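In what follows, subunit A forms one complex with subunit B and a second complex with subunit C.
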Partner chain A sequence: MEKLNYILKRILQMIPVLIIGILLVFALVRFLPGDTATAILGDKARPEVLAAYREKMGLNDSIFKQFIVYCQSLVRLDLGDSTQYNMPVATLLASRMKVTVLLTLMATAMTVVIGLPLGYLSGIRKDRLTDQGIRSFALLGLSLPTFWVGLMLMLIFGVQLRWFSISGWGETWIDHVKGLFLPALTEAIFAASVIIRNVRNNVVDVRGQDYVDFARCKGLGGFRVGCMHVLRNAMIPTATLLSIRIISMLGGTVIVENIYSLQGMGALLVGAVSSRDYAVVQGAVLAFILVVLAINLLTDILYSVLDPRIALK
Partner chain B sequence: MKVKVTARGGVRRLSLWQRSPSLVMGLVIVAVAVFVAVFPQLLTSADPYASDQAAMLLGPSAQHWFGTDNYGRDLFSRVVYGTRIDLLIGLGCVAVPFVFGSLLGLIAGYYGGKVDAIIMRVLDVFMAFPFLIMVIAIVAILGPGTRNLLIAMWIVGWKEYTRLIRSEVLVAKQSEYVQSARTMGYSDLRIMLRHILPNVISSAIVYAASDIVMCMGTAASLSYLGIGVEPTTPEWGAIINGGKSFINSAWWITVIPGAVLAVVGWGFSMLGDGLSDLLRADTH
Partner chain C sequence: MDNILEVEHLKMYYCGKVETVRAVDDVSFHVERGETFGIVGESGCGKSTVCKSLVKMMPPPGRIVDGSVRYNGRELTTLSEGQMRAVRGGEIGMIFQDPMTALNPVMKIKDQIYESLRRQKLSKKEMYARGVELLRLVDIPEPEKRMEEYVHQFSGGMRQRVMIAITLAANPKLLIADEPTTALDVTIQDQIIRLIGRLKEELGMSVIIITHDLGVVNEMCDRVVVMYAGHIVEQAETRELFDHPMHPYTQGLIRSLPRAEGREKLEPIPGAPPNLAAEIPGCPFADRCARCTPACREALPPLREVRPGHLSACVHDDLEVSV
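Up next is the complex of A and B:
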């Protein structure tokens, strides 16, 4: 029950952020120099089309009424039409969302698989050679620019060695996973470096706690103490950091999808910015905001599972 | 002061190298980068903008150390001159958020109450959105170009400094030296700037070193996507963007500028890490 209350509270707390997000997206095209209707429909739109659009979106009314009309159209999932693709933005986003979400999920999985064990190892071997090595690796991972890592992985493993497919999205699920392996790894290298450094420091702190000594005195095995006492507690601060990394990897799809020619939301957004397709820019930014809010909610739930004390506060 | 007791029982100061090797290595790399940025003409006589139809897509050689691009421009000179642009963008992206973010954190932490609540709620909203998406959305409004890139980075970059400084000010506010400054009747402004700021700024400085790495990376990424600096600029990301289509035949256009960016970034990371090690050692 407490957990349910906690989740409901978190959902309620998200509403202001969502409203501000919608406001920002709404304001986005209104900050543009010149006429809003022309900006959204393009320079080539005929005057009567522009006039009809102004009428529909209430662009002749007060800014407050315009916002209400905009929110109403959002509820109907009407995000306008793309000038570049000649199709509704909502349809376009729905077809692109899958790539971006799967890419981010795979990148997250890789981050955890690389980051947790290495961070833990580094922490329990504090100041030894293993620790020094892992820390230097992590520091290098932090300094490498993501777009360059992506290009290099593609050049080495895709073009030269041909170990991985760089043909993109493909047809079947197996194709998808193969095609997304290198792009996901590209994103995971930076995120895993952040996680390694954080897990290491947490493990070092937690290992000095009394309850860890006590667990050892009770005669619990090294593995049990490692997993249930050290790692579980060391992971609580890491959960927040991981959610921040997931959000930033979601943003990173903008770069990675471009490198590997994937047709996801990130590539869509960059393309729309370059070709001044503002209905798509608005729709894509809003979609990103929604996914971020969903990730934040999931992290909060994960948090309360890892540390039951949090839900009670 | 950190000292080491030697075998003979004597005491001597540890050198900077012994206290933090990564700080020294970081300093060396950053110093070299700054030297190159200030005196590019000492390293190369070639014009970074001059194209040569007879020397297109040449691999690295004695004459063109880093090879040439598809316009026959000398890549060594483009990378060397790019150092100044990339460092200036990195510093420019960090300087403004550093000042304004820290001041906001100082105000939020010092006054607390409503002022603090408003600043922190705005900050929460900024934290909730992905950094890169926000930068791109702002560039979408302002249009591409170096100036607009900087403005976009300023708008999203301040929040970390505010958070860091605010949390330190909350602690410093309770300390005796602030209490006594209050008793002396000093003004809030004087207490904030003369008494609290010097004691809390170090964490922001450490963060700035790693922030430069991120800013240089983001700026280069946007230039790589074609929505950052003007495409002809000898900026590292823009050079890589130009070489993207030739990655199979002319690897040097993409590999070398990125490697240089990575090394300089690594230098700043080590500098930041070393600084924070030193600070931690001094407080314990």
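Up next is the complex of A and C:
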């Protein structure tokens, strides 16, 4: 019951953030230099056609009036139509969101699968050869630019070894996973490097705690002490860091989707900005804001599960 | 009288890359079955290290270099880590100094008790019943409710009781209490001391108390050793030690105790303990000792019987002074 109250309260708190977000995006796309009608119809279009188009799309109204019209349609859950694709923005977003969400989920899973064990290993082998090796790997992962890692992975595993497809994401689920493997790995290498360093330091810190010694005094085996006492406590600060990484991976899809020619939100957003497809830009950013808010809420809930000292209020 | 624990010539060194620290240097003592045995000394004298070595829990790079530890006649120093775990989770239990940090903050109390019960292969229901019984044994009110709680919901004294309950879950025959009262309020200290005394009688345990508090020794221990710089400098029955302290260090310790009667100033022992990484040829206490003579610096004085059942490691004979 307390949890439910907390979640409801948090959802209510999201409303002002959403409104500010909508306002900002709406204003920003309209302050972009360049003419929408020309972007859509091309610079060879005749002036009267351009003028008619502006009139039809309401571009001649004041920004204030345009905003009111936009908000009215939002209340009806209508995101408008894409001028570029000639279809409702909601439909467009739904199909693109699938790619990005799956990509981010896979990247997150990889980050955890790579980051947690390596970070733990590095921590319990502090200053030994294993630790030095893992730390060097993490430093490398942090230093290499994403676009370069993406291209290299594509070159090695896609072009040379032909293990994975290098563009698009196919029809079936298996195709999706195969298509998204390299882009997800590209993002995961950076994020896992951040996680490795964090987990390692936490493990080093927790291993010096009395309760770990006390657990060993109970005659527990190394695996149980490692999982229940060291890792469980070391993971608490990592949870926050991971959620920040997930959010920035969502942003990172803009680059990765373009490298791997994936038709996801990132690619959609870039295309929509250059073709002045206002409704799509607004819709896409709105979707991003919603996802980020949801991730934040989930993190806080997860945090209270991991650490009972934190009460949800 | 038979002995539950016999320690002979134990040497535990921290063998670092740069230097070797002789944290425990040639220490011998025994604990009789059913007695409370005290190890006293100031911080860094090696008293906690001795006990960690007994159950092979020395932090790296600590190593038992020489000597033997026999529990009920069974040699412990040569046991594998797996066999040692069975000893730690069974016959020999340990409680730590600071109950604030020695319990896992993210595990329920009951789960931490269950971990100690794992070797007994009980059913879930039996484990729960045993857990409640243990909390009741250490005088924790409302044990059923407390089982479901976390450490941060307990006060300091209650946490120490929980830690004792967790340790007792494994039915230890020998309980090692490493400064069990140091981190607690004075009033709580007394309760915990009484509790340990009562449990020892009820459960028929032998107890080793490590402390720097001579008051605790006086109240609890049958016999006591005084440690200084990794060596035992004096060993006697508690009454005897307080009545006739023979080693200048012990005398200094007793003189530095605050007393209720009289208003004379406390007499601290001047100086600080020696660096254990350096070779000390003679008596380690020589630099701080008022009675130091050239003979003290020649060789390490051996423990010798100065009164019946009373050992002291000092070269001087006429040491008995009233303190």
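What we mean here is this: the second predicted complex is superposed on the first by the 260 of 313 C-alpha atoms of A that agree within 3 Å, B and C clash if a C-alpha of one lies under 4 Å from a C-alpha of the other, contacts with A are read in each partner's own complex, and residues count from 1 in each chain.
Here is the rule we go by: contacts are C-beta pairs under 8 Å (C-beta built on N, C-alpha and C of every residue); 3 or more make two chains touch, one makes a residue touch a chain.
This is a predicted model, so every value here is computed, not measured.
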item	value
Touched partner set for A:V285, first subunit B, second subunit C, both or neither	first
Partner chain in contact with A:R200 - subunit B first, subunit C second, else both or neither	neither
Touching partner for A:R245 - first (subunit B), second (subunit C), both, neither	neither
Which superposed partner A:S274 touches (first subunit B, second subunit C, both, neither)	first
Touched partner set for A:F147, first subunit B, second subunit C, both or neither	first
Partner chain(s) touched by A:H176 [first = subunit B, second = subunit C, both, neither]	neither
Touched partner set for A:R96, first subunit B, second subunit C, both or neither	neither
Residue contacts on subunit A - larger count, subunit B or subunit C	B
Subunit B versus subunit C as contact partner of A:G221, first or second or both or neither	second
Subunit B and subunit C footprints on subunit A, overlapping residues	none
Contact footprint of subunit B on subunit A as seen in their complex	16-17, 20-21, 24, 28, 31-32, 139-140, 142-148, 151-152, 154-155, 159, 247-248, 250-252, 254-255, 258, 269-270, 272-274, 278, 281, 285, 288-289, 292-293, 296
Residue ranges of subunit B in contact with subunit A within the complex	22, 121, 124-125, 128-133, 136-137, 139-141, 210, 213, 216-217, 220-221, 224-227, 237, 240, 244, 247-248, 251, 254-255, 258-259, 261-262, 265-266, 268-270, 273
Subunit C residues touching subunit A - in the complex, by the definition given at the top	55, 57, 85-90, 93-94, 96-98, 101-108, 115-116, 118-119, 150, 152, 163, 166-167, 170
Partner subunit C, residues of subunit A touching it in the complex	209-211, 213-221, 224, 228-229, 232-233, 236, 306-309
